[in-house]
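What follows is a group of structures, each given as structure tokens.
Two complexes come next, and they have one chain in common, subunit A, joined by subunit B in the first and subunit C in the second.
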Partner chain A sequence: MSATSLLKLANGAAVPLSKVPRLELAAFREAIISGCKRDRRVSALFGTPHADGLALYGVLADDAAGMLECAWTVLVGDEFPSMTPECPEVHLFEREIAEQWGVVPAGHPWLKPVRFHSSYRPGHDAWGRAQDVTPLIGVTNFLRVEGEEIHEVAVGPVHAGVIEPGHFRFQCHGEHVFHLEISLGYQHRGVERKLVGGPTKRTIHFMETLSGDTSIGHATAYCQNLESLGGEHAMPRGHWLRGIAQELERLANHTGDLGALAGDVGFLPTASYCGRLRGDFLNMSAVLCGSRFGRGLVRPGGVTFDVDEVRLEDLRKRLEAGAKDVTNAVQLLWAMPSAMARFEDTGRVPTDVAAELGLVGPAARACGLRRDVRTSHPYGIYQLTHIPLATLDSGDVYARAYVRWLEIKRSIDFIRIQLGEGPRGGIRSECPPPKPEHFAVSLVEGWRGEICHVALTDASGQFAAYKVIDPSFHNWMGLAMSLRDQQISDFPICNKSFNLSYCGHDL
Partner chain B sequence: MIVLYVHIATHLVLVLLLPPLCLGVIAKTKALFAGRVGPPLLQPYYDLARLMKKGMVLSRTTTWVFLAGPIVGIVTTLLAALFVPLGGHAAPLSFAGDFVLFAYALGLGRFFTVAAALDTGSPFEGMGGAREVTFSCLAEPALFFGFLVLAHASGSYSLSDMLGASVSSTWSTASASLAAVALSWFVVLLAENSRIPFDDPNTHLELTMIHEVMVLDHSGPLFGVILYGAAVKLFVFGALVLGVAAPLAGIGPWASWPVFVAVSLLLAVVIGVVESVMARLRLPQVPSLLVAASLLAAFGAVLLVR
Partner chain C sequence: MWHVLLSRIQQGHRTAKYPKQAPTLPDRLRGLPVLDPSQCPEGCNECVEACPTDAVRFDEQGLGLDLGRCLFCQDCTNACPEGAIRFTTEHRLAAREREALIIRGEIQERVQALDQKMLSLFQRSLKLREVSAGGCNGCEADVNVLGTLVFDLGRFGIQVVASPRHADGLIITGPVTENMKLALKKTYDAVPEPKIVIAVGACAISGGPYAGHEEQHNGASSVVPVDLYIPGCPPAPYTILDGLLGMLDRLGPERLRAFTEAAKR
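The block that comes next holds the complex of A and B.
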């Protein structure tokens, strides 16, 4: 199957559904598998109901060309040959399809529920469970290592700290971890199902709370879809403000992460300072729009709040103060040998494993993978101003921490330049309702990595399906891999170095 | 005679009341290093009072061992505190060989703490117990090599004499040995009391904790007893280190009490500084540091008897 049979689409573009090529199942499979072998990444792979069975849509990202490749197929029957053995990065997508639509990816090596809900198609279930039985979250067949001296440590879903619920199961020999299995689903709210039939007044609020710390990222991805579906571009000044808000979000979260990493190894000065500085950067978002998490700022057509010269000056002052303090606090961490001894060589994910699993965001860049939607599929303000890509090769906790630091510096530089002068004009254009029977894909580089939203509209211009892929969806398996042959006591810093979203995964 | 009783009473009052203040001083020091105001100095007392007023949750899988852990822990720690001379004054109890009872009274307390942890059947607590036992048996040689040095220098097998007037004179004849012991015991103090770089008393991460993870299931008054016992233990080890590093026998029986309190708090500041400027060790490296401490104390002994 040649690549030409796939529709090439730019990030943030919409096309009539009829333009998206419908392939035979075998050709669709081949397109995905060969795409993975030709340096494409699987950005989305999901099912929606179809008159003939189940429609499967695939979106591949070609980072080198800066294009997305799309196709779909119809699956008749309750089984299809799994692509995972040949293309491991689709493993979770296939599990999700199996769980949601009750079809079996035959030959999937790790076919377990993802979020532990009943199938969306009554009468179809990948595990043959009765329809009226609600699956219990976390009850599945976990991988077990057998032996007299093996012990199993189960952590969560209730944790000792105030964090989201998730279940972690370690197979240990003493302090040595053979394998970690992560079982989520406790935060499943059924957001995607709620989005069908939209957009409504509530849709944007769902988007802003898909993963609370990525409000700007998800809202931007959604608004790009609505703009392309409506055929109206956002105002340049709106793009400019979105870009500033997005980098502030990145800045706040990366700073918080470095502080948390320092806290986990018991290095207090950086932990405390970064904790405060995260708040300072969040407060800059509040200066923009009144919400520390950027809620209510990004809306279809642009943004809701403009900045005047007084607030710009305020932001510049806060940025410079924050930049100085964060540099001091973080340099302290790099200069501390006992902290570096904990970070280096801990939780290493080899580059080939990261590529096979399709990791995204700082976790991928720390393994030397050049993956950043802002440079490969630029959108909004990033089409005009490029942010240099930050990568490191070692793939350990140190690399994931240091990539964050590089990105902090680059985000500060970016915001500093943007705060100098922005485009004039309005901040928001009127966004027409979505065109009927259209297909739109939008990628955004959230602070955790690639956010992918795919929208399909029906004949009346409402969402027939709305697929959200949070970066955490790609990366949870990376955390599991990073624990292989590590000390169980190093799990917390490995976990913090990924800092993935539970609710973004569980939706 | 009355003077002796007053000194003993002072000893008891200090052992019972001063330890939480040391924790408060450590917390304050760490807060200052982190650029925070930090909790009040008396916060540990408030915490203990709060815990004592609370109810308790007891797991159905536990037995009397779970209750015995904290009780035996506090009793043995207080017993050990009776053998350690404070501020150059003889301890309330002393006899030849009491240092062995001192070490193994604490060992008994640890045994029961670990047993109570295992009693819960939780995998975390089992892990914590395994770590605690491994690390404490590596810390023990350091403690005993130190005793060896002091016994040789003082010609006595009682802690009150070993840490008594002879320490000052030994500093002038064999200062290297005593410095080695003081340093080695300081490392033991950090390890035995689960301070950074061995353990982080403030962490909530169940997979990395050592001492704290063993007491995860204790709550209310029992947990208060554990925290109080931990504070006393820190104070007792502090008194050992100070007995070597800052002998107070020569400065007069009454002046030595306030000086002792001052150096105890100073030691708490030093611990706070160490905790502020260091990250935790990776767990597999903990034994190396403890073995180094033992070797240091052994070297001190070699220097003295060569």
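The block that comes next holds the complex of A and C.
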């Protein structure tokens, strides 16, 4: 199977569906497996109903070439040979396909429900459950380690902090963790099914709440798809403001994460200063658009709020004050040996494991993987101005924290330059409705990593399928692996060093 | 050691003087909407059709807007040809009764204090457990931020605690997904009587953008009785704080006066 039979597509482009090559199942599998062996990543792999059975679409990211490779196949029966044994990074994609469409990836080593809902195709179920049996959340065959003095610690769904629900099971020997299994689905609110048939008046609001702390990231990914499907570019000034908003989102969340990490090892100065500073950066988003989370700012064709010189000056002042204080607060942390002792060599994910699992975002960059959509598949403002990639190679909590600090500094530099002067002109163009029977892929580097949205339109220009892949979908298994052979008391800082989204995963 | 102290000096004192001083809010904040039905052209239904969550409606009492469903997105104001709906920067939105969230032409003070018995128990010490039941992490983040030194929730005697057994009540966010329904009910049952339930955000009040999906239950009141509704998507931190302090009667008559003045703006 040569790679030339795949459609090469740039980030944020749309093509007629007929241009996407339909492969035989064996060739489709081979394309994905061999692609991963040639440094491609799986950005999307999903099913959608088809007259002959189930259509499977695959999107591979070729970071070196800055291109996406796409193909599809039709699965006629209810079973296909799993790709996971040869290509571990598709493990969760295959579990999702199995749960949603009732097909079995035969040979999958970890075939369990993802979100605990009934199959979307009545009469098909990957686990042979009866149609009228509603799956019970959290009821599955958890891995158990047997032996003398082995014990199991089960935590959640309701946690001690103000955080989202998930279930964690640790197989322990004393304080020592052999394995952590993470079972999610508690936040499942049926978003993807309701995206089909859109865009509707609710669609953009779904996008802004897929993962509420990534409203700008997901809304931007969606708007890029609508713009390419409609055939109208966003206004340059719109791209500029989206870029500022996106880096503010990254800045706020990374700052909050460093504070939370400091809090988890009991170093309160950085924890309390960063908690306040996170709010100050969120308030900069509110200066832009009235919402601390950037709700209502990004819309197809551009953005809804412009900035004048007075507002720019206000933002500049806030940025400089925040930059000074965040530098001061974070430097305290690096200078505190007792905090560093907890971070260093804790929760290490080896680079080869990170690559095999397909990790994205700061979690991948902390393992030395050069993965950043802003650099490899630039979109919007990042096509004109580049943000240097930040990597470390130790793969531990320290690396995940320090990569965030490097990115905080680079986001501040970026916003500072952008606030100097932006493109003139309008902020929003009129975006025509999506073209019928088209296929579009949009990647955005959210603060947690790669956000991938894939849209397929039907004959009337409505979404026949709309797939959302939040960066957390790639990264949850990375957190599980980071706990191997660690102390259970280190779970909070390992967890915080990833800070993954539950609702972005559960959708 | 010394650099920690020096840093403390640089970072300064950051706790807001609220409630003695009114909070500084962004000028683009979308707070309380104000309706002027006299502006509505005959037969116009543009705002109702534009609203993503059916928050705007025309019924026997005329034009109404349900803050419990509202995402504060401005889709209605953008659709309105006459400016009959506009959003003010008024952040005080909470109410004790679901019905009080439906606003008409008139603006009224909505949040009522607890009764005397509950006030004697909780006015100076209220411990809450948070349950996210399908929330997008927006409301959760704005509840969390109240714990930072800017708001310093602890100075009002309010604290988020780790266990429902230690709590006097629940803060619920999210539309209550089917997959969280049982966990929410169990958490509620674990809180000792008497208890308070606070629904934060459009999802927890009405299901928000997810209202009607079979995977969720259109908000907290489907599972537990709710004592305080705090609208928003997500509510601004001061909106949440105002609701909590209003319920505990910690803001006094000043609040009402400020409210009526804001309504005149």
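A few notes on this one:
Here is the rule we go by: the second predicted complex is superposed on the first by the 507 of 507 C-alpha atoms of A that agree within 3 Å, B and C clash if a C-alpha of one lies under 4 Å from a C-alpha of the other, contacts with A are read in each partner's own complex, and residues count from 1 in each chain.
Here is the rule we use: a residue touches a chain if its C-beta (ideal position, glycine included) is under 8 Å from a C-beta of that chain, and two chains touch if they have at least 3 such contacts.
None of these values were measured; they are calculated from a predicted model.
Following the overlay on subunit A, a side-by-side fit with no clash is recorded for the pair subunit B and subunit C. By the touch criterion stated above, A:Ser272 is placed in contact with subunit B and with subunit C alike.
By the touch criterion defined above, A:Ser501 lies against subunit C but remains apart from subunit B after alignment on the C-alpha atoms of chain A. By the touch criterion defined above, A:Glu175 reaches subunit B but does not reach subunit C. Once the two complexes are overlaid on the shared chain, A:Ser291 sits against subunit C while remaining clear of subunit B.
Once chain A of one complex is fitted onto chain A of the other, the partner contacts of A:Ala335 are limited to subunit C, with no touch recorded for subunit B.
More residues of subunit A are touched by C (comparison of subunit B with subunit C).
When the two structures are aligned on the shared chain, A:Asp264 is found in touch with subunit B, with no touch to subunit C.
Rounded to the nearest 10, the angle at the Cα centre of subunit A between subunit B and subunit C in the chain-A superposition is 60°. In the superposition on chain A, A:Phe491 contacts subunit B only, with no contact to subunit C.
With both structures placed on the common chain, the touch criterion links A:Arg189 to subunit C but leaves subunit B unconnected.
In the superposition on chain A, A:His151 contacts subunit B only, with no contact to subunit C. Our summary of the superposed model lists a minimum C-alpha distance of 5 Å between subunit B and subunit C.
The contact surfaces that subunit B and subunit C form on subunit A in the two complexes overlap at residues 160-161, 269, 272-273, 276. Contact residues on subunit A toward subunit B in their complex (touch as defined above): 151-155, 159-161, 174-175, 262, 264-269, 271-273, 276, 336, 338-339, 341-342, 346, 487-492.
Taken in their complex, subunit B has these residues touching subunit A: 30, 33-36, 123-124, 126-127, 130, 196-197, 200, 202-208, 216, 275-285.
Residue ranges on subunit A touching subunit C, taken from their complex, read 115-117, 137, 157-158, 160-165, 185-191, 194, 200-202, 205-206, 209-213, 215, 269, 272-273, 275-276, 278-279, 282-283, 286-293, 295-296, 305, 324-325, 328-329, 332, 335, 501-503. Touching subunit A in their complex are the following residues of subunit C: 3-4, 7-8, 10-11, 14, 26-30, 50-53, 71-75, 129-145, 147-150, 160, 162-164, 171, 174-175, 177-180, 182-183, 187, 208-210, 213-216, 233-234, 236-237.
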